[in-house]
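After this come two complexes, each holding chain A, first together with chain B and then together with chain C.
Moving on to the complex of A and B:
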């Protein structure tokens, strides 16, 4: 135990470890906050769909040789998020089918692009594996990426706090919110933009395939022990931050993939909270 | 749908026009950061041993070793002159003009991603290179070199220690 603590103290002297912890905690916190909205609106799968769109956009950005992939990933993901969040009644292709089509189509297109136009001197399967599963992405962030992630995460948290009441209304009863004079269309576009931003950031933490875990696990775990909306929001944010920090620490100590370790921590946390909920009789 | 497609296309063109970096310029730095007077990049004198190791990647977990080497390759200016210790498989590579280069590999925990660091002998070092994929341990000084305008990083070594079979 003492040796492990000494090793951990040594690892914390590395700047990229400190950056990974700060960015990881903030991004997972934002993901949990937005996960509450998505889970309660029965849109949990949208996170998965958007992360695959982000992967496809990243493949295009790599082929184009962009200096910063986020320049393409962010706008493309935001546009797709807005398109998917639009409620379209009586359309031939319904919401869940739309998400599924966009999700697998983007993933396939991205992988084909990587194979046909591999980056110079790169390892295609390694790059794809890292992007999909987030094995070391959070530990290999450039200084610009760290600052961008910090600024966007703090902005998302502040926006959530400022617009908390409107988000609450839109989550539970959109028609009632519209009747109260809230511009629901504009706010839905706004929320879709924030969701896309958080998903683009979260790709660095857990990879494209595991992003849903960051959105869903904290919320459903919090719902096992909390009864109110505010309680669920706070509990899921704390749960997500603790599991992300714990997952990063365990992965650097044991040499396991970072993304998968964070998701495993979330799963164990969910099991614990489910047990607590049962004991409490909720 | 058509509107979204048109917006995406416009966006891609706009981003391509503004965000694609220009062609890489020729590196004008010294042939070796460890020997600023070097006439050629191999011209670096041997260092005194034993070294006081500042970055020991051999004692880190695979996740950390990979991340540390990645940081060294992306931000080499911060590590020039540092004493580094590495452990991993040895990999030779023959370039297009027939020159054989010598690398040590560091894998991530899944084994699908690898990073390599070129090893360059110091002046007069008579190094016997093992077979490919032999597990080796090296200690050396981190360097940034210039090969006719091409910038690259390398580890200057006096010797190679073989610690396992391939």
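Moving on to the complex of A and C:
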């Protein structure tokens, strides 16, 4: 035990480890907040689709040798997010099939790009693995990326608090909100933009294949024990932050991949909350 | 006679994406009125309601709001969606969302809370205000949504088939509540395909269909049904 604490203390003397912890916790917290909206509106699969789009964009950015991948990933993901939300609202035929096609299409395109134009000095399978599972990238964040993640996460939290009542109204009953004169179209575009932003940020943390976990696990777990909307929002944010911190610490101690460990602790948390919910008889 | 018209539809055509479902709809609703909108499934009842609420634009014709009714001052009771039935929210959270446009600002203030509480007492759900919405029975859920609509309403309620999926006792109770609200001065527009309820509670009836829609008082409507005997059955 003592030895473990020593190891931790040693690791936390490095600024990049501290950065990883701060960014990891903040981004997970934001993902949980937006996950509430996605899960309750039955749009969780959009999060999954978008994460694959972000993978494709990441591949293009890497191949182009951009200094900051975010410059490309962010706008591409935002545009796709708005388009997908719009499509879902219009309930066009085969909307879900289109999401599936977009999702695997960008995954395939991204992989081809990585293979055909391998980044200088990199190895293909390593890069792909990093992008998909986020293995170590969170530990190699540049100072700029850390700031960007910090500012965006805090902005997302503030926006969520300010628009909390409108977010509830839109999530519970979009049509009623519109009947009260709330510009639901504009708010949907707004929410789609924020979701895309959080997904792009979470790419660094857990990689594109595991992002859905950050969106879905905290909310579904919170719903096992909380009855009110406010309760679910607060509980899932805390749940997600604790699991992220726990996952990062465990991955340092055991040398496991960061992203996968965070997701594993989310899964364990979910099992725990299900049990508590069952015992409480909710 | 003083004109106390609140809402007037003139030569209205409604539909989606430029294709009209129903054309030439004319009717008016005055203060304290109780209008039933009848019609078969797919005849355009819900489309008409969405047009009245300003959710979709009319294809042709005009809707005018008069006598103090504002465009978004109608309290709307939509049909429940499947996602709502399992939504984690307390009764008071749902009711409070009806006060969003009341007063200023995005936050819930005392004035909004007071309005919500007043309406919950009116519909006798203040004793369950901290209960979970998803654990309520269908009838109670409908009561909660009606309370939310009351919070949003200036002086008019629009109810979209509120009785669908409820058993006959709860349905009767719901109709009585709405009737009481109407007697208390609330103007009601109710979408329904329940002709017997319409004949019992309505002050005027709009029957929409592809043939010229019919709008009149209840006694004329009974006569109208006589002329089409066999086509429509009502108890």
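For the reader, a short list of remarks on this structure follows.
To be clear about the criterion, the second predicted complex is superposed on the first by the 275 of 282 C-alpha atoms of A that agree within 3 Å, B and C clash if a C-alpha of one lies under 4 Å from a C-alpha of the other, contacts with A are read in each partner's own complex, and residues count from 1 in each chain.
FYI, a contact is a pair of C-beta atoms (placed from the backbone, for glycine too) under 8 Å apart; a residue touches a chain by one contact, two chains touch by 3 or more.
Quick caveat, the model's predicted, so the values are computed rather than measured.
Within the superposed three-chain arrangement, the count of touched residues of chain A is higher for B, of the candidates chain B and chain C. In the superposition on chain A, A:280 makes contact with neither chain B nor chain C. Looking at the shared chain after the overlay, A:140 reaches chain B, while chain C stays out of its contact range.
Shared-chain residue A:16: touches chain B; no touch with chain C. In the overlay built on the shared chain, the residue A:2 is in contact with neither chain B nor chain C.
Look at A:228: by the touch rule set out above, it reaches chain C but stays clear of chain B. Contact with chain C, but none with chain B, is seen for A:176 once the two complexes are overlaid on the shared chain. When the shared chain is aligned, chain C comes close enough to touch A:41, but chain B does not. On the side of chain A, the complex with chain B involves touching residues 11, 14-17, 60, 64-68, 71-72, 75-76, 79, 83, 123, 125-127, 129-130, 133, 135-136, 139-140, 142, 251-258. On chain A, the positions that touch chain C within their shared complex are 40-42, 162-166, 168-169, 172-173, 175-182, 223, 226-232.
Chain C meets chain A in the complex at residues 53-55, 71-72, 74, 76, 78, 81, 83-84, 87-90, 93-94, 96-98, 100-101, 106-108, 131-132, 135, 148-149, 152, 158.
Of all residues in chain B, only 4, 7-8, 11-12, 15-16, 19-21, 60-64, 66-68, 70-71, 74, 108-110, 112-114 touch chain A in the complex they form.
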